[in-house]
Amino acid sequence: MQIQLTEQKQEFNKRHTKTRRRSLSRSISQSSTESFSSAYSDSSEDESSPKDKLQKTSKGLSDFCIKNIKYASHGRREIEIAEQEMPALMVLRKRAGGEKPLAGAKVVGCTHITAQTAVLIETLCALGAQCRWAACNIFSTQNSVAAALAEAGISVFAWRGESEEDFWWCIDRCVSAQTWQPNMILDDGGDLTHWIHKKYSTMFLKIKGIVEESVTGVYRLYQLSKAGRLCVPAMNVNDSVTKQKFDNLYCCKESILDGLKRTTDVMFGGKQVVVCGYGEVGKGCCAALKALGAIVYVTEVDPICALQASMDGFRVIKLSEIVRQVDMVITCTGNIVSRCFHFTMKCKNGCIICNMGHSNTEIDLVWTYSGCVTNFLRGRICGIHLCFCVSVTVVSQALALIELYNSPEGRYKQDVYLLPKKMDEYVASLHLSTFEAHLTELTDEQAKYLGIGKHGPFKPNYYR
Amino acid sequence: MQIQLTEQKQEFNKRHTKTRRRSLSRSISQSSTESFSSAYSDSSEDESSPKDKLQKTSKGLSDFCIKNIKYASHGRREIEIAEQEMPALMVLRKRAGGEKPLAGAKVVGCTHITAQTAVLIETLCALGAQCRWAACNIFSTQNSVAAALAEAGISVFAWRGESEEDFWWCIDRCVSAQTWQPNMILDDGGDLTHWIHKKYSTMFLKIKGIVEESVTGVYRLYQLSKAGRLCVPAMNVNDSVTKQKFDNLYCCKESILDGLKRTTDVMFGGKQVVVCGYGEVGKGCCAALKALGAIVYVTEVDPICALQASMDGFRVIKLSEIVRQVDMVITCTGNIVSRCFHFTMKCKNGCIICNMGHSNTEIDLVWTYSGCVTNFLRGRICGIHLCFCVSVTVVSQALALIELYNSPEGRYKQDVYLLPKKMDEYVASLHLSTFEAHLTELTDEQAKYLGIGKHGPFKPNYYR
Amino acid sequence: MQIQLTEQKQEFNKRHTKTRRRSLSRSISQSSTESFSSAYSDSSEDESSPKDKLQKTSKGLSDFCIKNIKYASHGRREIEIAEQEMPALMVLRKRAGGEKPLAGAKVVGCTHITAQTAVLIETLCALGAQCRWAACNIFSTQNSVAAALAEAGISVFAWRGESEEDFWWCIDRCVSAQTWQPNMILDDGGDLTHWIHKKYSTMFLKIKGIVEESVTGVYRLYQLSKAGRLCVPAMNVNDSVTKQKFDNLYCCKESILDGLKRTTDVMFGGKQVVVCGYGEVGKGCCAALKALGAIVYVTEVDPICALQASMDGFRVIKLSEIVRQVDMVITCTGNIVSRCFHFTMKCKNGCIICNMGHSNTEIDLVWTYSGCVTNFLRGRICGIHLCFCVSVTVVSQALALIELYNSPEGRYKQDVYLLPKKMDEYVASLHLSTFEAHLTELTDEQAKYLGIGKHGPFKPNYYR
Amino acid sequence: MQIQLTEQKQEFNKRHTKTRRRSLSRSISQSSTESFSSAYSDSSEDESSPKDKLQKTSKGLSDFCIKNIKYASHGRREIEIAEQEMPALMVLRKRAGGEKPLAGAKVVGCTHITAQTAVLIETLCALGAQCRWAACNIFSTQNSVAAALAEAGISVFAWRGESEEDFWWCIDRCVSAQTWQPNMILDDGGDLTHWIHKKYSTMFLKIKGIVEESVTGVYRLYQLSKAGRLCVPAMNVNDSVTKQKFDNLYCCKESILDGLKRTTDVMFGGKQVVVCGYGEVGKGCCAALKALGAIVYVTEVDPICALQASMDGFRVIKLSEIVRQVDMVITCTGNIVSRCFHFTMKCKNGCIICNMGHSNTEIDLVWTYSGCVTNFLRGRICGIHLCFCVSVTVVSQALALIELYNSPEGRYKQDVYLLPKKMDEYVASLHLSTFEAHLTELTDEQAKYLGIGKHGPFKPNYYR
């Protein structure tokens, strides 16, 4: 089963071998859908390509291309469940719904198409935007959700299992509608931005900005900017404080135990574990493992993080010093570990090797298979990429769109910007109600004493 | 005893009412000295002002002004103990001693004069610098240490219990020696810089830079810079990652329990505590208190920090909701708390109120006394400002001096700079040996994969 | 799915409504087997009753009754994996294998039949015993494991999905073999003991003792003893320190997070949780939940446990005070909670209710369904009974058998005994190698100082 | 200073070399008194022996012998503060005050005489008892408290700095008053019981029982019982659950950090620490040290405790494996460590050695001095015996007196008994209000289901 999982992942990543992309997050509703969707998509009667079919919504609309419009009602239920789990976005929809801050916005989007992003898309519409949407990944689309969006009148072009050609065809159909020209881009990975650059560069004259959330996409934008080829302002929502903490520290603290237990049923008490890397991901993993009774060692290249690990109670060692005695190796480096250290050859029988990094090259599975087969047989490998924290991301995306769309001419140049601190704080504040957390308000006297506004931003930019 | 402590503190801070200054850190050797020093300074035969006495070292030097040169041997022992407790600085002394990176540097300094700073000063000398030194605080000088420095040939002008007039006289004597003109400034609080600006502004033509470590002094430098009146580059060593983490997160995590136990002998298990502010200081306090079995609530104004508190397992409430039921209130806001919330009137009998912030105005004692005497009688107040982390600070200061002194003309403009990431990482790496922490080194392949140098800097500037 | 799970459980427990029985533990190998086994048992060609078939092992033996002897090779692999996961039992097999401490023992057993218990049974054989075995539960038998045991020459009478009649038939076949009369009983639940009492009471003349590990079975033994009807010594291995700590504290600390995540994908950070009961199970749950960032409240009836909860940092409240605001209710009372408190009516929408107690009556599902349907729809219920700790149990059982079988006449009377402290310590010591834990040995001087033997027992009986 | 401390301790323990006695607990009020008392007792005018002076209370009473009746008002204030800090005892006084459960009781007591025990003594009086009291330790008496008790009409015979002869004289004066014969004994260490046995054994005919709380005293009672020489029932209040948890687990968890910081100002983050012994004391120390960021190793002789340490996340090693690399050695063995392992010769420079055990022979200081002077110079030794938990002890003592005094003839034989579970639970319940902990009450149905009384006892005797 494990090998299968891994092989599937490798195929999954074929298109993306060279991009570093956090793979699909999963959640309750999604996992239940998966079985549902696969049931449908596996069924033999549905082998035809969506491109070859003409489908219509109950209202007679047909400007979309998806697997099967009949899945719409199931997808709608998925979206409704997701709405309950994303109160922050719903609060935003409610608060800003009256003002229609995105009135006139024509947003072309390219993201995973899941119940969660559907809530985002429909929120953008509720705030006044018109949207056309493609999938940023050929495997991650929830067909039922795509159907529900189409049925709701949104022009979606996506299905699970697109070919490479399908992938670009869908993006193209989003961008180049006859009666419609986008003025905002919401991208996840940079493929949409890349396509417009390549095929429709004059469109940038009308585009007010790009919002990008992935590591890869942001990297591409900085490259463009450096090369002087970025024509519009771009908002990097990947590196805001709130998103970073949730995507890395909190998400991994929550998911490391779960992922290991589900895959291996290992007991944590008394287990010796080495965590490679003490960045946010490593910090989260170490905290959770220590709390459950594991004995945790850390490897680091960065002395600042190494010192933090020491102060937090973890011995900082080199992998070679400890690899023979540990029961688990968790990599959180964002780097390539296994090829270099050849550690799998030395680890003890039954040692569990787990990649918590966002790059699937962090542990070189192919190499591991071919280079040390006996060794693999000795260990078990699990790839964990859970993320409970989609809500923080989509709220950040929505606010970034609003900020770029409404900012006065000239505030943002043709450059890449972080989400303004105040927006970052607003993302956080929208999530507080989940915890029934009550914020204190500064008095005038206190705000003056600190020399800041009563409603923030509260901290210097460097504060994390 | 508590009242006395507080009153002494108020007098202590008389000069500094309007400055926000972290008060004197303390350590083993210092506390033992305190009794020693006070024994001497209290003795009736020594009431004369140091300014009126001519003293000579055993080698006949007299370019200094201190309480009593006879204390030198005791002070030397204090310094030797401090050397053992500051291995990082000693490693730096050893490593860089051969190169003499400060050869030709003439450093005028104004800091607390304690065994720890003495190790710094002597390290600067070992690296090639000439030094003249005054105290940045009229109460904090360890007279025996000042004597040991003088005996070692360093021109020190400082004693415990200087008058306002003495204070500026000492600074002036450091700056304006006949045969000597400073080319580097090491300041703590900005008084030395201010004095040179006011009286000897032409000196700045020869000065290569200022190193400043206090919040107040840094604030003054930014004001100068904004006003276009900063004539030389300045290095802000207060806001580097390593120093911030140690001064705030780690220091407070270590000291909150200790401070409360020493002052009140309180038991933490089961106590209900509200911590006001969830910045680095608040995070450290909350972690320690929770770990010892207290039930901790948090108040926050900043939604990002509030969300972090929630995710870390602390209920975020308003002070007014909880003040009646808690056993302790810990303020870590950097703001003025008590006057605004009038909380002391509502807290229950025996409630302990503790200021962990660096401003002594965080809880307005005077107001607390006069405004709600019965109330005070009900609570107990402790002011804790421990810092185990002097080593990180002084190493940062030394490296900042080296960086500014050796940087090629033009690298640093007339502006305020953070310590370069690489130097920050070096500060951290010098402290790793204390923990027998073994750093991993990147392979060429890995460094290339990440697009960074093999020896750092390893993280983006915003990473904390 | 959840409802189904629950209904299945109710049927599962039909036979046992009045017994309080920890339901089937699960583990890696078992869960993988389940799908395998069900595949086989679901197949239509195999609907016939095992009782109607004559099967033979490859060596021609036929004194057993199981689903299908063909599953033996698969079952053997399961047992081999289990052997790796139960090093303690394998060490015992190795250490005591030479002495054959059970030579002459004829053990009739009635336990769950899983890969883990198979390792126990084969260990007993390796130590010299002859064994006949039945299942203590009509649903929990791993058919492939039963086949492997039969193939190895052990007389097993058990299959998954026995009828009530089958159940007693199997037990009877174990007890009453023509050429064989048991002299030791290993029971789990008391059904075997009950059957012998009822049908073959004269057998007790030859029986040296009973080993019983379940709460129910132990309870029955104490009843017999009180009534003066216990004819042989019995060893209660349920209440030894090592087993109690593992079954309750450590097992639940490990499994609560996992169980909740698998069932509900809930995020723990910032969630408000009330844990009902602060015994060993509650202590484990609270520690794990707190460590992952949940805000945990405790309800208790016992002031000693309530005081412990307070000192450990948990607010002790009544359920009614907190039920409206919590996100989860975890019951660990060993008592009947829901019927009495009617709490489900008051809990908030989406509140998760989880029974960690070992009684499935802890939350009265039937009542919950009928009495407050809307409410149920609001909450989700999960039943978690994981146990990683089978190894501790089976080693305790083996040692108890050895102790009873080898003790000189008269040491044990017709009464119920706890596992002797020294044996309890030996169970623990056999598990230390898993953690590479190195025990210190007392010197003669130290043992004398403490007034104990050099090799234990080390603590008073009451120490836990 | 440290050496002085140690020498004083050695003298302090001269009388008690062979007894294992937890030394004097300390608390807020006491520590402030100490300076006060020493001021008085050091004054040259007061060198005369209390035995030579005739003193009278303001009411003219003179049946007492203390340092100076003039200290009474100061002592009264100390007692009043202690009353606030011991709410449990005050609640008992209030609840039981009406019934006078000790009416007719004549209690002779021999304990430390501190503000806390004064609250106990006055509670006994409030419940109807008449009391005469001596000190169980020649150095621990708070003279002001003794004065306050005398002034309140209680016959106290005790002062700080008694000679050996004084010590027994005081006890004798308590026992053998002309108009008074004791019928209850409250002892701490067994000296009082020993004296009555030796000199007034016929008194036992009238004595209803002995309450003893020290390890030594309890040990002596068991010896007497074994030898058939115990003439009355005795209650061992040392081993009740509540007292054990507080004296050991909670007390040490609270005090280890504090004790180390006060004595050495050590920073815990990243420090490597070995804790010898993982009983209740070791468990508390390990939990606190780990929580503050220390890397903790454990040594154990008992496999059950070793397994617990492993599961709790601590590597179990032998001292010899780790002694060279650790920064601290904490002994919690209740055994003699240093002489045997000669470990101090091998520990690294600056290593801190700390005895948390209750025996001052745990680390053999004399041997350490003479045998490895250089070594001692290298380490620092601190002896920590804090106890915040006096309240639990004195409430247990009071309840034990009530139980013995009121039990019907014959319930207790001439043997040593543990405090009945129900009383133990009552001790706990009296302390719950401190934490505003709200106990849940069993319904009739639930109590029946569990087969216990609605008001306890709730757990089997072995539960801890």
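A, B, C and D label the chains in the order they appear, each numbered from 1.
The definition used in the following text is that contacts are C-beta pairs under 8 Å (C-beta built on N, C-alpha and C of every residue); 3 or more make two chains touch, one makes a residue touch a chain.
Note that the structure is a prediction, hence the values are computed from the model and not measured.
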{"item": "Selected interface, B-D versus C-D, where C-beta contact pairs are more numerous", "value": "C-D"}
{"item": "Most widely separated chain from subunit C, with each centre as the mean of CA atoms", "value": "B"}
{"item": "Chain centre separation (subunit B, subunit D; CA means) in Å", "value": "42"}
{"item": "Inter-centroid spacing, subunit D versus subunit A (mean Cα positions, whole Å)", "value": "59"}
{"item": "Residues within subunit D bordering two or more other chains", "value": "250, 269-270, 272, 292-293, 310-311, 315, 434-437"}
{"item": "Graph class of chain-chain contacts, one of line, ring, star, complete, other", "value": "complete"}
{"item": "Contact footprint of subunit B on subunit A as seen in their complex", "value": "239, 241-242, 245, 250, 279, 299-311, 315-319, 321, 334-336, 339-340, 424-426, 428-429, 431-432, 434-443, 445-446, 449-450, 456, 458-464"}
{"item": "Subunit D contact footprint on subunit A (complex, rising order)", "value": "269-270, 272, 290, 292-295, 310-315"}
{"item": "Residue ranges of subunit D touching subunit B (in the complex, touch as defined)", "value": "1, 27-28, 31-32, 84, 250, 253-254, 257-258, 261-262, 264-265, 267-270, 272, 288, 291-293, 325, 350, 388, 434-437"}
